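Read through the structures below before going on.
In the two complexes that follow, chain A is the common piece, with chain B as its partner first and chain C second.
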Partner chain A sequence: MFPLKSYEKAESVDHAIQLLQDNPEARPIAGGTDVLIRLRDGKTGYDHLVDIHQLEALRQIKTDEDGTLVIGSGVTFSMAMESELIREIIPILSTASETVGGPQVRNVATIGGNICNGVTSADSASPLMALNTVLQLEGPRGTRLVPIAEFYLGPGKVDIGQQEILVSFRIGEKDYKGYYGHYHKYAMRNAMDIATIGCAALCKIEANQLTDLRLAYGVAAPVPIRCTNTEQAVIGKPVNRDLIREIESLVEKDVNPRTSWRASKEFRLQIISELSNRVVTQVIEKAGGRIE
Partner chain B sequence: MNKIITFTVNGKKRELNVDVRSSLLDVLREIVGMTGAKEGCGVGECGACSVLVDDLLVDSCIYMAVWADGKSIRTVEGECRDGKLSSVQKSYVEKGAVQCGFCTPGFVMASTAFKERFKDKTFTRDDIRREHAGNICRCTGYESIIEAVEQSMEED
Partner chain C sequence: MAVGDRVDRVDAIAKVTGKARYTDDFFRPGTLVAKYLRSSIAHGRVTGLSVEKARELEGVEAVFTYEDVPPIKVATAGHPYSLDPAHADVADKLLLTDRIKHLGDEIAIVVAENELIADEALALVEVEYEEYPALTTPEKILAPDARKIHEDSSNVVGEHQYECGGKLDEAFELADLIHEEQYYTAMVQHVHLENHTALAYMDDLDHIVVISSTQIPHIARRVVGQALGIPWGRVRVIKPYIGGGFGNKQDVILEPMVAFLTSKLDGQPVRLTLSREECMLCTRNRHPMDFEVKLGMKEDGTAVARMVDVISMTGGYASHGHSIVAAGGSKSCLLYPRMTIGYHARTLYANIPVGGAMRAYGSPQITFAIESAMDDAARKLGVDPVEMRIKNAARQGDINPFSKLPISSCGLVECLEKGRSLIRWDEKREDYRNHKSGKIRYGLGVACFSYGTGTYPVCVEIAGARIILNQDGSIHVQTGATEIGQGSDTAVAQMAAKTLGIPVENVHIVSTQDTDVTPFDTGAYASRQAYVVGNAVYKAATELKQKILDYAALLTGFPAASLDLKGESIVNITDNNTSVISLNDLALSSYYDKEKGGQLTADVSHKTTTNAPSFGCTFVDVAVDIPLCKVTINEIYNIHDSGVIINPVMAKGQVEGGMAMGIGAALSEQVLIDQETGRVHNNNMLDYKVPTFTDVPDIHHDFVETVEPTASYGNKSLGEPPIISPPPAIRNAILDATGVAVNELPMSPQVLFKAFKSHGLLKP
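Up next, the complex of A and B:
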C-alpha cells in the first residue's frame, strides 16, 4: 500500500488545477515512476495526490499552424519513440527516450514528469534544452510560457507553482528546421541506469561553416545546462579539427560537475570533454559538414 | 478511501472495490488471488511484477490499481489456454530458461509483449536484450532466456 492521505482523480486540466487549489498539500501524479517510489520510500510531500495519469489532453503530439511542435507533458517515452512526427522533426528526442530506464518504465513514465522532478540526469532535459523548448504551464491565473533554461531553479527545484500543471512542450520551427542533433548517454549500464553524463548537441552548417551550435549537458552541473560560452565562441567558424579541439577545451569552463558515488568530478570532466568531441563530430557529419 | 473499478483480468470481467492506496500488484495478488506476478524489489527495478495493461508491459508494483479501471490486464496465469502452454512458455521450458522461477512470470510477460510487437518484423538479439532490460534474473545468466525468445518467435 502506498501511504496516501488523499487521492483525487482529475477529469481535465482545469479540474486538476481546481483540485490543487482545494488542497494546498496536493501534488500531481502522472506516470508515477518517481512519485510512487518516493512514496514507498516514505519521503514526505507526496501523500496528497491529484491524478493526471493518461489525461487525454496531455497526450498529444502535433504541429501548430505556425510550425511549432507541441508535445503534451503526459506523452510517455514509448510514445515519443514511436511518434513519426518526433522522429521526423526532432529525432534527438526519440534517441534520448530510448535511453530511459527499461521498457516497463518507458511505457508509463512521462516527459513532463522527467522535467518537473527537476533532476539533472533527466534524459529528456538536455535535448529539450538544446531545442530551446518553451514550457506551457496552466494555473488559476492563466497560462505561463517559460523557456526550459529558466524553468530549472536548482537541484530538484523547478519554476512551477503548487496550483500549476505543466501542459506541453513547445518547440518553434526556427529551433528545429535545418538542425541536426544527437544525444549520447554515458552510463555504467546500457539500460536501467541513470546517466553519469548526458550530452545533447544540435548544429546547423552552411558552406562548411558552423552557423549554429547548441550544446547541452545533464549531470554536468546541479541542473541541466547549456554551454553558452562555448557556443558563442565557436559559432561562425569553419568546420575543421581545430574547431572540435577548441570546443573540447572550452567546454570545461561551462560546466560544474560534482563527485558522487557514481563518479568523481575529475572522471565526469573527462567524459564531458570527450563527449563534446564525439557528439559534436557526429552532428556536424549528420549536417553534411566535412571535418578536415 | 475506496473506489470501485471494472477491468478484465485474463479475459474475465471483474468489478472490485479497491483501496485507492493499492498497487495493481497488491490487487492482483491479494484480491484477485493471482500470485503469478511477484514482488521482487517493489520499486520498478526487477520486472518480477510485470503484467500487460492493454497489451503494454508495465511494472505492476509501481502502477496504481485505480489506473486499471476500464483496462484489460494479462498475467502469466492467462497465457496457458485449455491446458496448453503459450509458445513463449513452452520455449522457456524447452530451453531450460527457468531455474528458481521467481523472475519467470515477469519474463514470460516481457517475452509475450516482445513476440506480439516483433512478430512480423526483423529483429536482432540486441532487440531481445533491450526489450528485456527491465527484467532481472539471478539464476540463468540470460542466455537460455534469449534462446527461448528466439525459439518462440519461430512458433505460432
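Up next, the complex of A and C:
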C-alpha cells in the first residue's frame, strides 16, 4: 500500500505533458524503482503521479537517417541488454545495463529514470557521458536538446521542468563510430548493489596512437563526470605503459570523491586510479592497440 | 533403512506449490494492524509525548503508550525457564518504555484499520526527548562516569572467568613462543526471508491465541503469560511454517505485544508485522566482540596455553546477554583439549541494536579469534597450519577440560586430512609460492571449530513425541520440535520409520506446533532439535512398536517376542519372516473390534542429559586483488563430523547455507553503527551486504561420519556449525596470500584497503 493522492495514466507524451500541466504537484513515474521506494519511505513530493511507463513512443531503439542512435527514455535495462542495435553500436551501454540491480529491477527500471533521478551512482550515466549523449526533452514550449554533461545541475538535480518529459537519448555517429568502450562497476557485491565507483572509457586508436579518449566516472564527484583534463593531456600520444601510468596519475586531479559512511575518499581515490589503469588498458586492447 | 537415505523433505511439495501456510496466511475478518512508534535517538528519556491527534484520526482504533502497559519487566531470551533464580535470564524489557536504550526503542503503538492509517497516525505523534550521550564502545560504556543504561543495573550485564586443563601461568612457562594479538568481530544480522510477524485474537473471554513466526512456541507461551501477568495456560501459541529464523526467532519479540493488544481490544484480531528496516534495527543481532588472545606454543607446534579475554556488547537489552559469550567460550574448549585454557568474558549493555541468539551462538566470534591466533603462531613458528592443527586436535576419549567429561565421538583429525586432500593443499601450497607478489596473489587457509549439541547441562533438554497408529496402518507423529527450514520434520519421519520398521511414506508429520495440543519441547536452537527429539522419537516409536506387536500377539496367538514389524506387515521372525497379519488389518481391528484393542499410541517426554561434541573445518583457496582490495574464493570446502548423517540432501542444504552466511560475515556483512550517535546506517537490503547468488562461489562439503553413542540415531549438531569456520579460514588464506594479518571481521574492501596500506602494499 502506498499513500498516493492522485494517479493518472498517460496515453501519449503529449497527454503526459498535459497531465503534468494540470497538476503542478504531479511528477512522472516510469519503472518506479526509485519513486515507489521514496513514496514508501514517506518522502514528500511523490504522492501525485503521472504514469509514463510502457508508452510505446518512449520505448524505441533506432538509428536516424544521419546515423544518430536514438534510445527512448522508457527503454528498460533488460531491453538495452537485449537490443541487437545497442549491442552492435554501443556495447558499453549493454554491459553497463547488466550491472544494474537484479533481473526484477532491470525488467522495469528505465534508462530515462536512471538519468532523471540525478544520482552520481547511476550505472547508465558514465557510459552516456562518454558517448557525448544529447537528451531530447519535450514540454509545453516544444523540444529542447541538452547535452548530458549540462543536464546534471547538482546531486539529485537535473535540468528538467515539472512539465517536461525526457523523451530520448541521442548519440551521433561521430561519437560511436570507430570507438571501443568498456564500463566497470566497482561495488561491494557482484549484483544488487550501488556503485562505489563506476568507470566508463571509450577510445579510438590509429597506428597505435590514441586518437581519442573519453573517460567518465560515477561517484567520483557529486554528479557523473568526464575527466577532461586527463583526456586532453593524453590524446594523440602513442600507446604504451607510460601512457597508462600517466592517465593513472592524472585522473585524481579530475575527480572529487567524498567520504561517506559507504566509503572513504581515500578508498574511492584508490579505486578510481586503479580502474583508470584497468579500464583504459582494456579499451585500448579492444581497439587493437598494443601496450608494449 | 530410512535414516541415512536421501528422503525428500516432507514439506517440499507444500512449500514449492505455495500451499504451505505461514503466519501471514492466517486471515481473520476485521484484523487490525499495529505499528510501533520508535525512538529516533539511541539514548535518552522521553520528556513529552502527545498522542491525541493520532487517537482522533479516523480509522485508528487505539494508541497505547509506555503509561498503559503492565509494569512487568521480562526476559525475552528463548531459554527454558530456570528453576534456579540465580541462573535466570535478565528481565529488563517492558512492552513500551520512556527510557530509550537504542535507536528504534519502542515508545508507543498505534492500532489501526490498515498500515497506511497507522503510518499517518504515527506521523501525528509528537515526542520530546532528553538526549544522553550514546554509549557505543567498550571505552565509553566502561568509563567511570558513564551513565547507567539500565537504572537498576551496572553496564556490565554479565562477567565470568575460569581456568581449565591446568594452571595457566605454569602452562605459559612451558611455551617456546607466546603470541599476543587483538581481534574484533562486527555485529551482523540474520536476514531471514520472513520478517518477524505475529497475529493474536481471543476466542473466549480469557483465552488468547497467538499465531507467530517463532522457533520457540512453548517458550513464547510462557513469556506472554509472564509479560501480561496472567496464567500461562490462558495463552495458546501456534507456530505454522516459518520463513527462517537463524536464532532471531529464538527470542520473544512480538508475541507479548499482540497478546496485550488483543486483550485490550476485546479480543479483536491484531496483526503486528515488522518491515525489513524495523526487523534489521529492532530485533536481534550477532554480538560484536573484542578479543585479546594470548597463545603459548611449543616450537614443534604443540599448543600449551591459551588465554582469551573478551568483551561482548549486547546492545540496549540483555536478551540472551552473557549466555552467548559464555556458551561460545565453553564450546571452544573442546577443539584443542590437551592445552590449558583461560577465559575471561564480560557482556556490556550498549546504546546499539540488541544482540541475541544467532546461528552458532558466540562460537563464530570466538573461533575467529582462536583460529586466527593459531595461524599467526604457525607462521611465526614456520610450521604447516594443517599439521599444527592435526597435532593439537581433539580425539575421541580426550577429556574436555571444561566439563571434565570424555569426548564421546570425534572425527576432527579425519576431517582435516580429508579437507587437505580435497583442496590439494600440499600441491597448491607449493604452486602458490610463486604467486605472492604482483597485483593478484593466491593463498590457502584452514580453520577448525568445535561445537556442542543442545544446551545441557546449562539448560534442561526436554523433548516430546506422540505417535498414533492410524486406521490405515500409517502413523501420525506429533512433536514439540519446530521445523524452521532445517528439516526437523523430515528427520523425525525418518527416525520414526526406522525404529518402527515401516516405510517413511507411511509417516505423516504434524508440522504445526500448537501449545494447546503439541507435546512440550522448548524449540529449535543450539542445534539440539534432531538430537533431543531423536531420543524422544526413539522412545515413543519403540513403545508403539511393542504395543503393535503385543496386539498382534493377541490377534494371532504367536508370542510377541517372535514377531516383528517389517514394512507393512507383522512377520514371524522364527518362521522366515512370514507375514502373520498386515499392519492395516491390525490397525482396523485395534480401532473397530467391539471387544478388544483400542487406539494404539505412544506419548513420551524425554530429558536428554548429555551433550554431544561436534567438529569440523574449512579449507579455502583465495585470490586477493591488492589494488582493488577484493577477495575471490576459488575453492572452499567444509568437512564436518556431525555423527551419523540422517539425510544427506538436507545436510548438504544446512552446510551450504551456513557456509554462505559465513562467507558473508567474512567478507561483507556488518551492521554499521555511528559511534557518536548510535544511529544505524544500513538497516536495509541495499546497504547491508548479504552476499548474492553471484557472490557465493561453488560450495563443497564432505562428512566424516562418526557414531555418537549418546544419540539414539548416532547424530550430532549440524544446523549451526557450518557457519563457524569459514571466516577464520578465509582470513588465514588472505594472510597466506599477502602476508597481511587482518584481525577484524568483516574483511571488506575498506578494511583490506587500510590493512594493505599500513603494510605498504598500497601507496600511503
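The criterion applied here is as follows: the second predicted complex is superposed on the first by the 292 of 292 C-alpha atoms of A that agree within 3 Å, B and C clash if a C-alpha of one lies under 4 Å from a C-alpha of the other, contacts with A are read in each partner's own complex, and residues count from 1 in each chain.
In this text, contacts are C-beta pairs under 8 Å (C-beta built on N, C-alpha and C of every residue); 3 or more make two chains touch, one makes a residue touch a chain.
Everything numeric here is computed off the predicted structure, so don't read it as measured data.
Novice: Of the partners chain B and chain C, which touch A:Glu274 in the superposed model: first, second, both, neither?
Specialist: In the superposition, A:Glu274 touches chain C alone.
Novice: Figure out whether A:Gly102 sits in contact with chain B (first) or chain C (second), or with both, or with neither.
Specialist: Both partners, chain B and chain C.
Novice: Considering only the touch criterion stated at the top, classify A:Val146 as touching first (chain B), second (chain C), both, or neither.
Specialist: neither
Novice: A:Ala263 in the overlay: touching chain B, chain C, both, or neither? Say first, second, both or neither.
Specialist: second
Novice: Touching A:Met1 in the superposition: chain B (first), chain C (second), both, neither?
Specialist: Both partners, chain B and chain C.
Novice: Examine A:Tyr186 and indicate which partner it touches, taking first as chain B and second as chain C; both and neither are also allowed.
Specialist: second
Novice: Taking the superposition as given, does A:Leu85 touch the first partner, chain B, the second, chain C, both, or neither?
Specialist: A:Leu85: touches no partner chain.
Novice: After superposition on the shared chain, which partner residues are touched by A:Lys9: those of chain B (first), chain C (second), both, or neither?
Specialist: First partner only.
Novice: Touching chain B in one complex and chain C in the other: list those residues of chain A.
Specialist: On chain A, the overlap between the chain B and chain C contacts is residues 1-3, 102, 190-192.
Novice: In the complex, go through chain A and note every residue touching chain C.
Specialist: 1-3, 42, 102, 186, 188-194, 196, 261-264, 266-267, 270-271, 274
Novice: Looking at the complex, which residues from chain B come into contact with chain A?
Specialist: Per the stated touch rule, the residues are 1, 19-23, 26, 42-45, 47, 50, 56-59, 62-64, 66-67, 110, 113, 130-135.
Novice: Within their complex, state which residues of chain A touch chain B.
Specialist: It is residues 1-4, 6-7, 9, 29, 32-33, 36-37, 40-41, 51, 53-54, 78, 101-105, 107-108, 190-192 of chain A that touch chain B.
Novice: For a test of understanding, state which residues of chain C touch chain A in their complex under the given definition.
Specialist: 114-116, 119-120, 123, 627-629, 668, 672, 674, 681-682, 685-687, 689, 691-695, 748-750, 753, 762
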